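Below is a structure I'd like to ask you about.
Letters A, B, C and D mark the chains as written, and numbering starts fresh at 1 in each.
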Amino acid sequence: MSNESGSPVPANLIADLAAASRILAAQGVVDGFGHVSLRHPTASDRYLMARSVAPALVTPDDIIEYDLDSNPVNANGRASFIERFIHGEIYKARPDIQSVVHSHSPSVIPFGLVGVPLQAMFHTAAFIAAGVPVFNIREKFGPTDMLVSNREKGVVLASVMGGKNVVLMRAHGSVACGPTLQTAVFRAVYTEVNARIQHWTMALKGGATIAALDPEEGRLADAINQTAAMRAWELWRKGVRDEVNW
Amino acid sequence: MSNESGSPVPANLIADLAAASRILAAQGVVDGFGHVSLRHPTASDRYLMARSVAPALVTPDDIIEYDLDSNPVNANGRASFIERFIHGEIYKARPDIQSVVHSHSPSVIPFGLVGVPLQAMFHTAAFIAAGVPVFNIREKFGPTDMLVSNREKGVVLASVMGGKNVVLMRAHGSVACGPTLQTAVFRAVYTEVNARIQHWTMALKGGATIAALDPEEGRLADAINQTAAMRAWELWRKGVRDEVNW
Amino acid sequence: MSNESGSPVPANLIADLAAASRILAAQGVVDGFGHVSLRHPTASDRYLMARSVAPALVTPDDIIEYDLDSNPVNANGRASFIERFIHGEIYKARPDIQSVVHSHSPSVIPFGLVGVPLQAMFHTAAFIAAGVPVFNIREKFGPTDMLVSNREKGVVLASVMGGKNVVLMRAHGSVACGPTLQTAVFRAVYTEVNARIQHWTMALKGGATIAALDPEEGRLADAINQTAAMRAWELWRKGVRDEVNW
Amino acid sequence: MSNESGSPVPANLIADLAAASRILAAQGVVDGFGHVSLRHPTASDRYLMARSVAPALVTPDDIIEYDLDSNPVNANGRASFIERFIHGEIYKARPDIQSVVHSHSPSVIPFGLVGVPLQAMFHTAAFIAAGVPVFNIREKFGPTDMLVSNREKGVVLASVMGGKNVVLMRAHGSVACGPTLQTAVFRAVYTEVNARIQHWTMALKGGATIAALDPEEGRLADAINQTAAMRAWELWRKGVRDEVNW
């Protein structure tokens, strides 16, 4: 029995969401795993995300609508991602967020394993300057399979994230969010790029201080990046269009 | 004179095994060297592996059947890999293993050269949390060409591996195994990815402890990964299908 | 109202400038961001640069003419890069410079964040041996969005660069210049390559001295590189021609 | 006036030499710069090498014959590489060598800049276990443009190389040699791969010893690699054939 929101989603938004999956794969942020979602454009208590499939293979037909408890409302037999609760619980906790990306991008993972905070190495990653907390699933849930596989775990993850736009997950990966699909994708990509740059900077610094963006510089640069991000999006979106016909 | 097992192998399994070679090449786990095998699906005292050829070039016609002493039974003039004994001796020692990958993937090699153990940096590489032993061919065999070129060397390698699913080979490479072809390929790929992440984590940590998966987390996450691995396999398998017609 | 220089630019120069954008993208020096300009070949108080678009998408139709105050003179509604003042102010300060590249190439950024100078690791990067200063926008302008978004900031950047051919920008990126388009592109590419090599050299050296090119070796090798650079340019230019028809 | 050796070279050898250039480019050993040569198959006082052009663009028509003083004998107006003396002087000093590769492959350069010797990290790079000397052009020639641009410099380089198969050039690059074209290409590729692995191993080791191949293991493994190298060659050669029709 269908329980859709009743609010149709423009086809171009669905196509952009499917394209976002492929963009994240092309940029090396996701591999066979990871997912991106979009809050429903007119029903704010719903979100849209692909069925459980490798991100590089997502098509518009794979997009499912979920309520904020992460129940699929039009699955029609399509399997859901186990970790969809990451998305639903962040949308509940953060009305300002319209899009969420979960990935295991490799350069980011080390920062969730040792006590070294991510810092903003360049203005493109200005959103990091506000700070990046670490969610350790073990603290509340003991030894697990590491997955955010139910609402309870999603609630704690969202709570650790608080008002930030990126949260690391110990021995697992990270989540990046934004006020638009394009900004969330941009932040997921540049969290990974920034982590790569920070690894080399840490190796180089010896005892020196890193002259990273401070929070005020980060705030100022992030404001302008939300426009600039569209320039990267157009490049990446064209890459998908060159490959498929949507 | 042929001495085949008499048990025909479904063509799709042969194609999957050939595809596995190409997948490992596409993922950077093997280059001109390395091999993957599959225990015969109905004759457990036999295994299947390509003739001696670069993994990216393997086709279904290259697959040869071997007995567990690693004698080819239908070579028909095709050359065998010198190191096939890695496979035969592991199949003998480990009835639970149905597939074996041998590679020289570059990020893994350093862990066989110094006394630093591989640890599971993220849940996708949970299979590493059980521990990864190191086989040093020199200990039993003195100075050699480093190759596991006969049964005796294969027996010692399998014995060092014991009940684990990955074993490193000093100054050579590694072996990853699994209960299915898909799981063995998955483990070979993520042993390399995990090693890359661990290099950066080690560089970052200073004196800190790495909050890697512990054995219990590893056991729980590995159970679920054996299903999840199919999502990666389908992505990778499609990549091969897009290139060849099998 | 148009205020063009009145001096027409040969179509092949415009095509080469557009190609330079795509070359920098193909070489990993720029991603969705970054830009390259060329001083007008016959009106030395003008320069040419693409409208605000991702470098990999630039076509000859995107090239706009600017005066040295970085006012577009034939924009016709096309948006300009915010940071075009980098280019205009360097052309004012440095009559010997005919081309400027601004990028955020990732290996270079760490050298602008800690007090470790870039050094010339090999003869191809000889132009680095003269020294690479660091522009910290914060020193004169306090907390900003990090962008060189007006003439005043461009003037200070050009002044920090002085007579050198590369300048780093703290927590942002770098600028490479040259007496020809080809040399500027070459220097932008090999600044990034050299930075990668220097990271590994620093990691390897322990307390040892790095036997980098000294300034005299740098001067001698740079002279010959300005011819050699054409061999790389021809390779890269052909790559663009294989992709587009200009 | 032509002064050719009079001994025609089989077209397939010329094609293989041109293909070797493209293979080295495809493997990341050379970029716009670098060159590979082959001793004339029947006139041992001659060698064959491409005109001065980016390695990825070499075709059979670009191959020029040189005497061992590195004078072109059939240039017909085609420009020669400035550093051809590397090749001529090694062929004079080492009758056992039939092929020489010069490159600036990036992971190798650091080992020529600090006092850390390359070691053989795995059996594929066994040829390194015999030791890799470093040629510092400054020692005999003072400050220069770093290029081996005449016979005198080539003689000293060959003398530093001695009986080894790889020599590093301070702040420049390296040379790899072999008894066949295929072996020289193989060694150039795996010198770079080995250097990458050694960087990570050095970073990992702390104070530990690296259990690299010792000279005896190196000798034994290198003997078998000269056959194994053909498996890699066939893979790489096919890659070139898939791109061109020779």
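Odds and ends about this structure:
The rule we apply is simple: contacts are C-beta pairs under 8 Å (C-beta built on N, C-alpha and C of every residue); 3 or more make two chains touch, one makes a residue touch a chain.
All values reported here derive from a predicted model rather than from experimental measurement.
In summary, the pair chain B and chain D forms a contact in which the copies contribute largely different residue numbers, shared numbers making up under half of all those used. One simple way to say how far apart two chains are is to compare their mean CA positions; for chain C and chain D this gives 32 Å.
If you average the CA atoms of chain A and of chain D, the two centres end up 46 Å from each other.
Among the residues of chain A, those touching two or more other chains are numbered 203.
Because contacts link each chain to exactly two others and close back on themselves, their graph is best described as a ring. Pairwise chain contacts in this structure: A-B, A-C, B-D, C-D. Of all residues in chain B, those touching chain A in their complex are 120-124, 126, 193, 196-197, 200-201, 203-206, 208-214, 216-217, 220-221, 223-224, 228, 231-232, 234-236, 238. Residue ranges on chain D touching chain C, taken from their complex, read 31-33, 52-54, 56-57, 82, 104, 106-107, 109-116, 136, 138, 143-147, 170-173, 199, 202-203.
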